[in-house]
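Letters A, B, C and D mark the chains as written, and numbering starts fresh at 1 in each.
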Amino acid sequence: MSGRVGGTSKTATMADAVGELVRDGDTVAIEGFTHLICFAAGHEIIRQRKRDLTLARMTPDVIYDQMIGAGVARKLIFSWLGNPGVGSLHAVRRRIEHADPEPLEIEEYSHFGMVCRYVAGASNLPFFPIRSYYESDIPSVNPNIKPMRSPYEDGTEVYVVPPLRPDVTIVHAQRATAAGDTQIWGLLGCQKEAAFAAERVIVVCEEVVDEAVVRRDPNRTVIPGIVVDAVVEQPFACHPSYAQGYYDRDNAFYLEWERISKDPEALERWLKEWVHGLEGHTEYVARMGDRWDGLMAGERLSGQVNYGDYS
Amino acid sequence: MSQDGYTKNEMMIAASARTLAGERVCFVGVGLPNIVCNLAQRTVSPELQLVYEAGVFGARPQRLPLSIGDPTLVSGSTAVTSMFELFAFYLQAGLIDAAFLGGAQIDRFGNLNTTVIGDYAAPKVRLPGSGGACEIAIHARRILVIMRQATRSFVGDLDFQTSPGHSGDPAHDRARGWFGSGPTSVVTDLATFGFDEETGEMTLLTVHPGVTIDDVRANMGWDPRLSGSLGETPPPTEDELRLIRTQLDPQGMYTS
Amino acid sequence: MSGRVGGTSKTATMADAVGELVRDGDTVAIEGFTHLICFAAGHEIIRQRKRDLTLARMTPDVIYDQMIGAGVARKLIFSWLGNPGVGSLHAVRRRIEHADPEPLEIEEYSHFGMVCRYVAGASNLPFFPIRSYYESDIPSVNPNIKPMRSPYEDGTEVYVVPPLRPDVTIVHAQRATAAGDTQIWGLLGCQKEAAFAAERVIVVCEEVVDEAVVRRDPNRTVIPGIVVDAVVEQPFACHPSYAQGYYDRDNAFYLEWERISKDPEALERWLKEWVHGLEGHTEYVARMGDRWDGLMAGERLSGQVNYGDYS
Amino acid sequence: MSQDGYTKNEMMIAASARTLAGERVCFVGVGLPNIVCNLAQRTVSPELQLVYEAGVFGARPQRLPLSIGDPTLVSGSTAVTSMFELFAFYLQAGLIDAAFLGGAQIDRFGNLNTTVIGDYAAPKVRLPGSGGACEIAIHARRILVIMRQATRSFVGDLDFQTSPGHSGDPAHDRARGWFGSGPTSVVTDLATFGFDEETGEMTLLTVHPGVTIDDVRANMGWDPRLSGSLGETPPPTEDELRLIRTQLDPQGMYTS
């Protein structure tokens, strides 16, 4: 780690974290299942014109359609390729269906296969066995998915998937300390597994909080600072995805994206206006103006539990 | 809205909900299946527990969820689980009794294609892919299919088999040792189908009101096997329509 | 499930839950790593004179020394056999070392091996691969631990362990609903995995709480009601183990046990006085009298998080 | 209390703490290792992060923890993890830099027996077994051993090899591809040992004040290899003793 994002405090700007930790040719995972998808990090990767990335994600979603449309990636590893509840990722499809403007290499699994690739990567396991892919054509188009037999009497056939070890995993969280102890609530997806599987980890959060906040509820910590390289405080970084308890999913944007993504020129214009044309996400948030009014979350508190004073 | 006072989707939803009678734990996504499951909970299957595929249990959504990971599913639910645990501890462990699947193509044995139209290496249309469908088809004890019917989607041969259904060889199916038994019902905008106990072949059970067997035949790529007791699908009841329109989809987002 | 512990409400008395769900010859797992060890359930199993049980637990601890001393078990599956920080489990050792009063079959793993047996059981996997047991004599005395090679280029050698599927898993929690949705904080051990791996699950808790309490903080739920057969409200059921935020570990008792366990007659007397001589755990708690004064936990609250109102 | 004003355990603790200089993440249990790690944190290794083997990170115990799962380790810690994640994501993944092991028997290559004295099937003494020791020995980058020294515990041949140390064949050890490199130091109540780079054999580095090489020889089952720079263990400093007695073990539970 370089000076700016090193030391006991790992706080960094998005520009510095992405600039120093995401390198051309890297395998990058920006995870988050519907919830906590860090669009701001994807935009910064586009803004810095990273190249030849291999992008991994269970559900590429609009964020990877934007990144792949912007030309930062040469390959995509995924399990479900769509605009959830809306339609297609047209920029991705143009590259797969028509090599337009250039081909995109793909490597696909099922959801469970992708999750277990992260688990294997996080656990330093050479393979992970699952009961899936039986009588499916998926293994025939992905030789990484191999059949194996149980060494026990039952001799049950399973399939195995190889570990996935991203060079960089980027996760978004509601809060983290400067040391990287990260707390998440709401949908958990596979962020923990993707973070432990990675060589480098960037945690982006709504709020950098005092260590005391985290120490009050240690069971809420999903990713410990020990595996985190940089902590970026970037409120609203998930738009149009959401952060449970902070803001809502902007479903209208997902609908709008269908139209934008269909038209390469509209996509170009969108990238110019909302990514290249902006300093960073803070400007993006300001530019959204009162669109935020409909997206703020009301209060619904968790209640407290007692950890006990044992002095 | 048909002249009978309900829409094709409302017919599909009502017919699908009835197939959930007696089920205990249902794996559910958003859109039609979400409305179907919530309708079943309020009619034929009050004990039905919904497990949303984003990892939410006992959801009490305060609004119609617009994505499988809608935050309204989480606030006030009884449990949230990681994707690994959802697939390993619940689905692969056989805790899921019923699940809904659909696809771009289905064949007469209920095999599904959600991956590609045309050649995989040079696709005509690149579809989303498996998501969880492949393992859901293998592990959920009953698979319920909801699809609009057309000759291009009900095909003799799939371009790609994403999720296995029945093999066509019942002995083979019994020997699989999966929790899943292949699809047990298919509900379309024209009719409802089951699958023959012996051959595992899709069988026309009922045609929706105002639909003829020829309409059904005209909208699928093979000549369907007909049930001995072929009849008409009971139309949506007033109660079903009231629940759909007043509680489950008041804006008619999925039902108009 | 029989009437008394069935239905939507799964609440039952300890006597009924153990009476109906624990059967002679069963494989029983009472898990909890130092924390939340349900001694009261073990005592009820002794009181009901269950027989020929196979007891599974990472760390048999004092509870299994009591149960094995009382003669309920024929076999022990474990990974660490001791009285933590104190000494030995002498009743267990007498049976292993001298078949006194009768032999005890043992099957042993390492901690990681035991945990992964539960994970495999919970996941319906026919085997689970781990990187352990290399150049150790453990596999030579346990043929269930088998070597296997990665099917990928690396050809890495791992060892596999078989799934462990207890007939009954008993876990203790701070709180649960009548439907079995169970929330735990503090050390998590392997209770979740052991519960999902089991055919039947008994949740014992400090408090049965209203569903609304659990719904306020769904991320705190460790075991969902869907896998729970019976919910027993039994405060202080973990003594001399502890429940984070409710009461402390009674370290003095662990020290006393060393002396009791060493002497078969003292052990007999202890069982007579504290198990067979009592109706149940409520009487045990009362009989402890002011011993509790030194064990109550002070208050140290978690703080609250906002899940957000999305209506 | 020796006439030098410190106890054998205080000497062991001080000598062990110094071996942690520069380490980053240490896997720790209770008893001596807990005191050793906390002493190192306050002296040679201020950046040292302690991971308690019950799954607690960044513990701030308000009292001396009396068990590896003492609740005082949890309240106010920065993270708690399940046993599966602790062993899979941390230990097996190579995140643990140093760990302490001990045992009933150790041989000249640092192999350890915590399973049985005598024959496994008909044991003279049944010991606790592996616990996490086997995987800790394989994955922790440095293994530090603390054991009281005696001929019955420092033996030529183990009755049972629970946890692997050095094999005696350096080429083999290098080819293992483990994160673990076998024990790097052994601290006893009489002396400190390292392991020879070439042969992986235990090597006497220093004898504690007032102890002779013959005392050390008399309390082990083989004639130990001697370091070229064999010297005396520096006694506990006043600072080390002050920290042990006033902060780490004021009741002298582990140090008297």
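Observations, loosely collected:
Just so it is clear, contacts are C-beta pairs under 8 Å (C-beta built on N, C-alpha and C of every residue); 3 or more make two chains touch, one makes a residue touch a chain.
Every value quoted in this text rests on a predicted model; they were computed, and no experiment measured them.
When the C-beta contacts at C-D and at A-D are tallied, the pair with the greater total is C-D.
Chain centres here are C-alpha means, and the one lying farthest from chain B is D. Look at where the CA atoms of chain C average out and do the same for chain D: the two points lie 29 Å apart. Rounded to whole angstrom, the centroid-to-centroid distance between chain B and chain D, based on C-alpha atoms, equals 59 Å. Chain A and chain C have CA centres that are 37 Å apart.
Our note on geometry: chain A versus chain D, Cα centroid distance of 40 Å, whole angstroms. Across the assembly, chain C contributes residues 119, 124-125, 130-131, 156, 185-186, 188, 192, 216, 219, 244, 248, 297, 300, 307-311 that each touch 2 or more other chains.
Multi-chain contact residues of chain B (touching two or more other chains) are listed as 56, 70-71, 74-76, 80-81, 88, 92. Chain pairs that touch one another, listed by label: A-B, A-C, A-D, B-C, C-D.
The touching residues of chain D, when paired with chain A in their complex, are 25, 49, 56-58, 60, 62-63, 70-72, 74-81, 85, 88-90, 92-95. In the complex of the two chains, the chain C residues touching chain D come out as 33-35, 58-59, 78-82, 84-85, 92-93, 96-97, 108-112, 115-116, 119, 130-138, 141, 156, 185-190, 192-193, 242, 244, 248-249, 251, 254, 297, 300.
Against chain B, in their complex, chain C makes its touches with residues 119, 122-125, 177, 179, 181, 192, 196, 211, 214-216, 218-219, 221, 224-227, 307-311. Of all the residues in chain B, the ones that touch chain A in their complex are 30-31, 54-56, 66-71, 74-76, 80-84, 87-88, 91-92, 115, 120, 123-135, 138-139, 160-164, 167, 176-178.
Against chain A, the residues of chain C that register as touching in their complex are 124-131, 146, 148, 150-152, 154, 156, 158, 160, 162, 174, 183, 185-186, 188, 213, 216-217, 219-220, 244-246, 248, 297-311.
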